[in-house]
Amino acid sequence: MKNQKRLRDYGIVIGKMKTGKRNSISDVDGVKVGHFTLKDNNIQTGVTAILPHGGNIFKEKVMAVSHIINGFGKTMGTIQIDELGTIETPIILTNTLGIGTAADALIEYMLEQNEDIGNTTGTVNPVVCECNDQYLNDIRGKHIKKLHIFEAIKNADVDFEEGAVGAGRGMSCMGLKGGIGTSSRILELGEEVFTIGALVMSNFGAKENLIIDGVKIGKLIEEIDNNTYPGEDKGSIIIILATDIPLTVRQLKRIAKRAVVGLSRTGSYIGNGSGDVVIGFSTVNRINHYEDRATIPIKMFNEDKMDTAFRAAAEAVEEAILNSMVCAETTIGKDGNRRDSLGEFMDKGASHSS
Amino acid sequence: MKNQKRLRDYGIVIGKMKTGKRNSISDVDGVKVGHFTLKDNNIQTGVTAILPHGGNIFKEKVMAVSHIINGFGKTMGTIQIDELGTIETPIILTNTLGIGTAADALIEYMLEQNEDIGNTTGTVNPVVCECNDQYLNDIRGKHIKKLHIFEAIKNADVDFEEGAVGAGRGMSCMGLKGGIGTSSRILELGEEVFTIGALVMSNFGAKENLIIDGVKIGKLIEEIDNNTYPGEDKGSIIIILATDIPLTVRQLKRIAKRAVVGLSRTGSYIGNGSGDVVIGFSTVNRINHYEDRATIPIKMFNEDKMDTAFRAAAEAVEEAILNSMVCAETTIGKDGNRRDSLGEFMDKGASHSS
Amino acid sequence: MKNQKRLRDYGIVIGKMKTGKRNSISDVDGVKVGHFTLKDNNIQTGVTAILPHGGNIFKEKVMAVSHIINGFGKTMGTIQIDELGTIETPIILTNTLGIGTAADALIEYMLEQNEDIGNTTGTVNPVVCECNDQYLNDIRGKHIKKLHIFEAIKNADVDFEEGAVGAGRGMSCMGLKGGIGTSSRILELGEEVFTIGALVMSNFGAKENLIIDGVKIGKLIEEIDNNTYPGEDKGSIIIILATDIPLTVRQLKRIAKRAVVGLSRTGSYIGNGSGDVVIGFSTVNRINHYEDRATIPIKMFNEDKMDTAFRAAAEAVEEAILNSMVCAETTIGKDGNRRDSLGEFMDKGASHSS
Amino acid sequence: MKNQKRLRDYGIVIGKMKTGKRNSISDVDGVKVGHFTLKDNNIQTGVTAILPHGGNIFKEKVMAVSHIINGFGKTMGTIQIDELGTIETPIILTNTLGIGTAADALIEYMLEQNEDIGNTTGTVNPVVCECNDQYLNDIRGKHIKKLHIFEAIKNADVDFEEGAVGAGRGMSCMGLKGGIGTSSRILELGEEVFTIGALVMSNFGAKENLIIDGVKIGKLIEEIDNNTYPGEDKGSIIIILATDIPLTVRQLKRIAKRAVVGLSRTGSYIGNGSGDVVIGFSTVNRINHYEDRATIPIKMFNEDKMDTAFRAAAEAVEEAILNSMVCAETTIGKDGNRRDSLGEFMDKGASHSS
């Protein structure tokens, strides 16, 4: 992805399953990701857009679920996702106080794409997720503007940056720099091959708890880097899971629930103040907005094969979180607040040991 | 159904949709119902079994959901129904303190039918629902025996009695005699025709609240019949919904949630002490216990056609409740406690007005 | 309330419990409601704000729940309500495509009231509910502006209008004019007296289904008034429940679930396209944003007294819905689309029969 | 606990918090645990009873929650726990096909203790949890009898055995011997001191995945011990959390949700076939079965202190799982099937390295 140094470049491999070609959520055919980043002294924030497919998402919805690991968060759109089992817009990630603007921009974008909305058909359900970047970003300044959302959507591509970019620009994770990360896993089931991809916006946890592939490295880093947020730990993680496995909504929900396994293994205790939210979607079994047939043929997944999908989701989430940190550069933001890069620590460690 | 006088025989029609041939849950192809009834002075109780289809239910599971309207109840098996979206045993209804025995009997029945259970394959999830019949029945006597469950299953038929029979024998509803009732509705969607059937075990509510098709008849009856349970109102209703619409589990759950509409219209306020539980299943989209394919073709229902299904479920539940009362004979049980028949009141009213 | 003719003015009484002084959600001490209304040809929309108490809601949160009857809706803020059991902002009601603007305005309002948000403490969870008013209102025009939210909050009072005002301006209910309605009930439990109040924004259903106090009046009205929405039935109802009963969140959730009883009795089948959402809060047991004590004394309600609260909630919701319709004037909006007033029908009926 | 060698005796410490005096669920004042064990060739099974307090649990209920991590399980009683937020019986653990018998025995036990049940008051909600021990135990033989449940309850004590005892007798975990394990953590909050205790019945996972305190030891053990279950992996884990923190049900549920953190860190991917169920209860804020007051003073926990409780729950669960394995002896059961002891592996490793 965009020539950044990622976790595997340090020789660390999470789990035992194969990754997709890009080790990215965009290994799921059709999925694209775009960023818009604001970085200027006190302003360290941005927008990330995830497009489930390249067509008109309102007209051709994807099956989707939300799963709330911890609900201290403001993610929008989950009520309708849970009821109808579909997503009908791009998924927008931004900072917590930008959700109103992001929702409004997304509504405008959808109205422009679809003249029927609010006219000859009903309305639209904007999906907006958020984390709080107030440590590095002047979040009260409300610097997210509608244009930024349009730009992030426009920038969507199969190749995209990780780390301190887009909505991840101002995020902190485990007392270090957090941000956007991604990873994927391949499921080979007989002759059928499927992909599960994860993208995270990481913004949770305390430094002392960081675990990398079982190694409790957080305490070690804490001794070197005692730069800790003086205020409350108001974190969050947004986890987007994409797959091309033909799943029913119930099945997709089961997979989304396994994200917590990967999250736990990076050292999270699912903190009180952390809005830990999973949005999952499958790019197959699409639902037409206009549908005449009384019944519609779809495919479901063999429940007995689920364990492989569960492992894939857990592995991809764990690696996506670590990628979000490894790829994120040290960032100095609001009031000179600073978050150090995990990647830079690991580079030093690597040079020491060599 | 078995030549009993039902609600429609009094000229009262709930809703506007057509009923199935029998106006019964057994209008859903393959569904059968069997009773075993105990009636002897203090012992007024029994068992009702609902068979989703005539084959081996463990080997060929039906998609299913549970929906808890109010959880002051002891229904068993819902955790697995909710996770896997299937039922793999007959559904057993009995009195509250009989659930252990019923579960044990159902396990035995399933072991006998399936030599692989607990041996070369996993275990089995018995589904047992209950209401408390302690006003008419010596429930502490624990008169339900395993044999009664086997008999109820054996007695299953498309034609079955309603009212004070089977598990409904000792039940009270709206201060009158409750019990088992059923009804069905037909959905004509273009060239496709579907059926939704409801079966209830009614055991809830207070006399003054009874509503029949909008008419608040409860207060009227209360003036004539002041026989009211002196103790607490510990009611419940079990609602079984069956359909041949091809539904995903998410869709089936939505339909199950509309049962409360029918329930509310009979006068229920969903009382604190009332375990109001819905179990729904679709007889199509069956799931094989042994399945080799990685993906399985199924059909889902067009979400835009849901309103018809919602209305059908609400109408069938409302009428099933009223049928359970109309068909139930006046019953004198434990300690001479007595519940009067709604049907007998209506007969008197009919003769008065004629 | 504001000298409007309400349901009881037609001699129709829902249920058997006493109402509060105003028969309004504002009978719950401290609760206020404010509107801002836009009415100008194609623009028939607005904002309604509900204030749980007169103090700083962020600093002194009220215990709260959400309950989703049907999730075809975009209500914001429910994830955090469900996790933490509190509301920390006024509740804003508006049209579906105005939620982004409303959320953004509410965030601004909260930032202004609280300098610590996003600075020395975390962020804030804006609660915004919506219905789709596209039949009467040019919803695509996005006429809701931030100023309108501020005005609605400013206008909050214990006395407020019902019907075609505020967010209810463009709403349709049962094929007639919907809008804002309210009602309340008093619970006398020994020496303690409590209040439950409901406020609804009604925008659901089909004319033929309208039931008033058990009477299926919808069909009758349909014969006279065949003005029916030609497009899809994309409705919704927002139900706000307020109480001064000291409840835990679990208990409050149970009460919120009884709103559906009142809803069902007005004729709703909980339609597929209807986002039926309940937000409930208790004004006692407040939670301080800054709290030092490890444990906090609160009061809970005796579960055995719940039935009275359930009935109160069901009655208040049923009457609030009917008040929303009775008080709403006939409205002509977008493209000359028209919704007739139930109150005007009833006036005619009254004059006929007299 | 009963002089068994536990995880800490190998110098392995999970987390950073202090344990209670016994490092056991019985460190929560009043909690007792009793076993009844059957071990005779093909019969390797039993019963474990957890008593929330020493009084009459029906008359003085404890606040409780269930949390379903994965619902491929048959645990009984959760519907009412979720609705009313209380447990009113001892919690019984046994094998999957023994739940009917266990429920029936528990009902009998409660009837005997309480003459009012089913007579002058309502019925009772038996709480029974299960795992499938069919690899080591002739589960089809249904060897659990009612007497065994009574004996397990009678045997309850603050000191109890861990490992291959009681309901844990036939359980397998991570391809090794599983069973019963326990652990506890102390929370010091200012001058107030609280305890959280966990008890697990472990029966999940695959050997290759076992992680002990971050070390992926499973693969190592797999090389030595290639004794793997030839059939399907039909596992489960039951997790009982007890605490003396004054919590509302909502708060207790949040803590129960953190059990998955501990579970994940032992190597679980929350397998498809694994019924992973948490039951949590608080021994304070008890609810009287007979209560006259309209409102009841209780205490709730300061939400801002939750993180300590979350960590305590996660740590206690992780250590309880490992204790269940370390304490379990190598067991040969049905058809000569064998599960090796993790403790014995660790003893060998310890002697090698010394």
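Going by the order they are written in, the chains are A, B, C and D; count residues from 1 in each one.
Everything that follows uses one rule, which is that contacts are C-beta pairs under 8 Å (C-beta built on N, C-alpha and C of every residue); 3 or more make two chains touch, one makes a residue touch a chain.
Not measured: the values here are computed from a predicted model.
Q: Is the number of contacting C-beta pairs greater for A-C or for B-C?
A: Between the chain pairs A-C and B-C, A-C carries more contacts.
Q: Greatest Cα-centroid separation from subunit D: which chain?
A: Result for the farthest chain: C.
Q: Taking each chain's centre as the mean of its CA atoms, how far is subunit B from subunit C in angstrom?
A: About 34 Å separates the centre of subunit B from that of subunit C.
Q: Could you list the positions in subunit D whose residues touch two or more of the other chains?
A: Counting only residues that touch two or more other chains, subunit D contributes 70, 83-84, 232, 254, 273, 303-304.
Q: Per the contact definition, I'd like the list of subunit D residues that touch subunit B in the complex.
A: Residue list for subunit D touching subunit B: 68, 70-80, 82-84, 96-97, 99-108, 111, 117-126, 132, 134, 139-140, 142, 231-232, 234, 273, 275, 277.
Q: Considering only the defined contacts, which subunit D positions touch subunit A in the complex?
A: Result: residues 69-70, 211, 214-216, 232-233, 254, 257-258, 260-261, 264-265, 268-273, 303-304, 306-307, 310-311, 314 of subunit D touch subunit A.
Q: List the residues on subunit C that touch subunit D in their complex, please.
A: For subunit C paired with subunit D, touching residues are 83-85, 189-190, 192, 245-246, 248-250, 254, 287, 291-305.
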